[in-house]
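Structures incoming, each one as structure tokens.
In what comes next, chain A is part of two complexes: it sits with chain B in the first one and with chain C in the second one.
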Partner chain A sequence: MPNRALFLKLLSAAILFGAWEVAGRIPVSFAFPTFLESMRALFAMTLDGTIFTAYAETLKPLAIGVAISAVLGIAIGLWVGLSNTFDWLFSPIFIVMQAAPLAALIPLLVLAYGIGLTSKVLVVCIMAMPVIVLNTSGAVRNTPESFKEMGRSFLASETSIILRIIIPAASPVIFAGLRLGISAGFIGAILSELKITPTGVGDIITYSRSIADYPSMYAAIFSIILLAVLFLNLLEKIEVTLFKGNQRDYVSN
Partner chain B sequence: MTMSQTKETLTAAGAAEFESAVSARNISKNYGEVEALRDMSLEFPRGQLTSLLGPSGCGKTTLLKIIAGLLEPSSGEIEVNGKRVTGPGPDRAFVFQDFALLPWATVLRNVAFGLEMRGVAASEREARAEKYIKEVGLAGFENSYPHELSGGMRQRVGLARALAVDAQVLLMDEPFSAVDEQTRRKFQEDLLQLVQNENKTFIFVTHSIEEAVYVSDQIAILLPRPSRVSEIIRPSSFRNKGVDNIRRDPEYLDIVDEIWASLRSYVE
Partner chain C sequence: MFRFLKAAAVAAMVLPATIGLTAGPAQAETIRIALAETPSDELAAFFVALDRAKANGLDYEWTAFSDEELAIQSVLSGQMDIGFGTPYAAMQRSKAPLRIIFQLSKLKFFPVTTKKYSSLEDLNGEPILLHSRGGGTDSIANVIEERVGITFGERSYVPGSSNRVAALLGGRADATIIDLSNKNKLMRSEAGGNFNVLEMFDVEASDEALFGNLNWIQENEEDVSIFVNALVSVWQDMAKDPTIIRRETNPDGPIGQLPAEILAELDGFYSDAVEGGLYDPNGGGRKAAMADMEWYSAAGQLEGSPDELNIEDFWYLAPLDAAMK
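Moving on to the complex of A and B:
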């Protein structure tokens, strides 16, 4: 029942935005604007093009970082999942990366790579990659043994077993990792603009706060969340198209 | 009479009377300290169905997987049509206990999997897969996904996949243990048809005495700790009396009782 699902999603959004509106009207803080004020600010920024110029800047490290994290993350994850040696070699690095307090490490990155695009891309990657690698390797290692035996007994080559059996079998968890990783990448992109140099959306947030234009600040934050949600929905569509039967697992007898 | 003598006389008789499609010679398999199979020899007559029957832990699935080339024996060798087995080959196809169907692939693609791996062109493998889907009674479900099928239907897909590659030897690892009793009886009847119609050698692992006696031309009783072939039984009289009469045939009932008598002490 897609209509019911859509209705519930809209209801959930309405409750969230309603609560925001109420909280803004009380107000909970002088620095917290209402939902409508923020939307008005977003509308204004859309009209004068500020938001597009900002995203042209922000999307650069975000897109590059997310692309690198997805491709490299899945590749390393496969490798780590298929070989014990690489598991021991690489897994600790990504576990440390995932647990590291990134904000504290940013000065080190700036020292090494400057304040340009490289550092920002790295921040996005550090945020996004570990969960992609760890999910992929875990899923690959947990491929049901009987699937692999089936492949071997029907004469599948090693490559075919990886491409036709292991990757599709791991795909739900790989995609779960991608969703988490990419959301983290969005956070990383904004974090890098707040902590390294204020450009793009990070610049709108920093600047609006400095001149106490809180509706614009929250409009910018809202827009990045909206973009992330849209992107994650797109990812879900891709997953459903690629691996249709995986949507539901076996029904019990 | 000791067990080893029984084994020797029976395998000697079997070898004299029938041509073997598959021979297991002095197979041992150890998992570290654990001895799964010890020095097991067994002949599988061509064109017939041989069951491996025994209590759990007797190594029947291990032996089947060694024949399939999925496991390496610690010592001994398997010969299929006179050729030594070193790994999985086109002369053998496997039917799995848990079906092992790819959930993201349709029935058609699952059945065609073996052909796809052998490099058969798409149009030809689909035509062949469709033929076998029809043969196992799943016509109309070509584009369904495994999760949309019942347990029995899923195993029919597994069977069609194994038939589609047209291997001479069909290895079945407790294929009916995960389906309900009624479906199971239907499967057993269909299996008898299949053995008769297809000129294939079937090796069938089961833990059900009735099932083994019902479907087999030859039953190898395996006993555990250490694993060995204790007895080979060849039912003779009821095979051609029709599927409906087998279960009340005196010989059928006697063999079932006899096997239970020899297995009873091994069941906790």
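Moving on to the complex of A and C:
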């Protein structure tokens, strides 16, 4: 059975990349390279180290932003889910953050926080945090009442109820929020590098585009997607280790 | 499952149809112009030329893209007919049959620094603020390095001359390269005394040019010639009297709708620009093409030595030649 899953994954990758190759060969646009050209460019960038220096730069706002969003996002989400007061206080902020047209608000962020790391981290957080907070709070609030009653009838303390019942019950949705939030964080990191100042992977994308080196441009975009997929897989492994019983198959694994 | 299959079948039928529509031959009665920025004072002369062309029977519509690359892409894909920019790298690398037909403006940019530096040689090893990697000011920095024999220190990038002026004023940078109008604004302001404009060699290369798909240009020879004639006439009239731009600006057009403060400065902007040699009254032509080959090779956008490059591969000179007769 696992072989069949692997086979299907390879098949879907082959179809996708094959379609890319065909589209590049037609070509759909002079600016659209084939899959093989892009992979050659990615290989060349890996060999001369460009891609590593770029990621050293891009991972800074990404890692800081994702870490802040995950830790703070889950904490605030639990809090909002457990207390009506905090729900009223915080939920509107995150709903506004989630709905805000971020690309259009970037000049405002630059005005307030400059063109450095702070602004970029904020872009990542604004993209990632609302989904994490809203999912976590929703999951916590929707813990079945009967589970909590059962806890109380066994004389469990409030802390035990939260740690042993609410969090495990909410964990699948919390992790779903984390996955969505972290993917959004990847988008935010690249958005900030395209819109604020071009550094790292954003710089490879804009620079390759301005010298019409389209294979390198798509190679850089491909690499960030690849990284995001790998990271989401890692996250799923963490979930499976932490909360046994949540195992289901996700498309990304 | 059945609904999914149905949706997929619909998509399979609709998709090729839409692609077919957009990629089909550009048999446009209305020419579609891809601007690289939203209409601003810098585009006033261009819109005056468009109005003159319209009076001679040219039908046009324009779309403003947020940057030059998108304008180039839209012309490459055939969704737009004429674009704004200098797509030399795209012309050479992607083998796209694009040709330039008119030089709109030259790369007139100025190294501006705090009083710490007084000549280009002083900038050896010093950090500098530029527009974007691979962009116009980056190429100017490359050519300065080559001609003056210096190497700049760390290059950081902030798009937009006015943003780089703000960085200078805020003390976040000591050296940058900015355009003519921002240089004049800065040096004429009260803060101007704190900055130096460094002496630099003359640049004849293009900053903005008009280009189109070669097939489209040849199929629409008549429209293109009306357009180029209008541009040449405006560029020549402007060289004699820069105030015609404000006088001929259509009050209901995109430039006429700009705030009154900007319109009031149009005369000053175009007088400075004409005096500073920003616009070539002859539309560039061979002279600009040669200068571009040399410039963009030195700047790293074109590969190969400038002598081996053929200007016919980058410019389509017939409409401009006809207009100059």
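We take it that the second predicted complex is superposed on the first by the 247 of 253 C-alpha atoms of A that agree within 3 Å, B and C clash if a C-alpha of one lies under 4 Å from a C-alpha of the other, contacts with A are read in each partner's own complex, and residues count from 1 in each chain.
The rule is simple: contacts are C-beta pairs under 8 Å (C-beta built on N, C-alpha and C of every residue); 3 or more make two chains touch, one makes a residue touch a chain.
What you see is a predicted model, and the numbers here were worked out from it, not measured in a lab.
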| item | value |
| --- | --- |
| First (chain B), second (chain C), both or neither touched by A:154 | first |
| First (chain B), second (chain C), both or neither touched by A:233 | neither |
| A:203 touches, of chain B and chain C: first, second, both or neither? | second |
| First, second, both or neither for A:31, with chain B first and chain C second | second |
| Partner chain(s) touched by A:165 [first = chain B, second = chain C, both, neither] | first |
| Partner with the higher number of touched chain A residues, chain C or chain B | B |
| Touching residues on chain C, where the partner in the complex is chain A | 19, 23, 69, 73, 76-77, 87, 89-90, 92-96, 132-135, 156-158, 300-301 |
| Chain A to chain C touching residues, read off their complex | 28-31, 115, 197-198, 203, 206-207, 209-214 |
| Touching residues on chain B, where the partner in the complex is chain A | 65, 68-70, 87-90, 92-94, 96-98, 100, 102-106, 113-114, 117-118, 145-147, 150-151, 161, 165, 178-180 |
| Chain B-touching residues of chain A, taken from the complex the two chains share | 144, 146-147, 149-157, 160, 164-165, 168-169, 171, 243-246, 248-251, 253 |
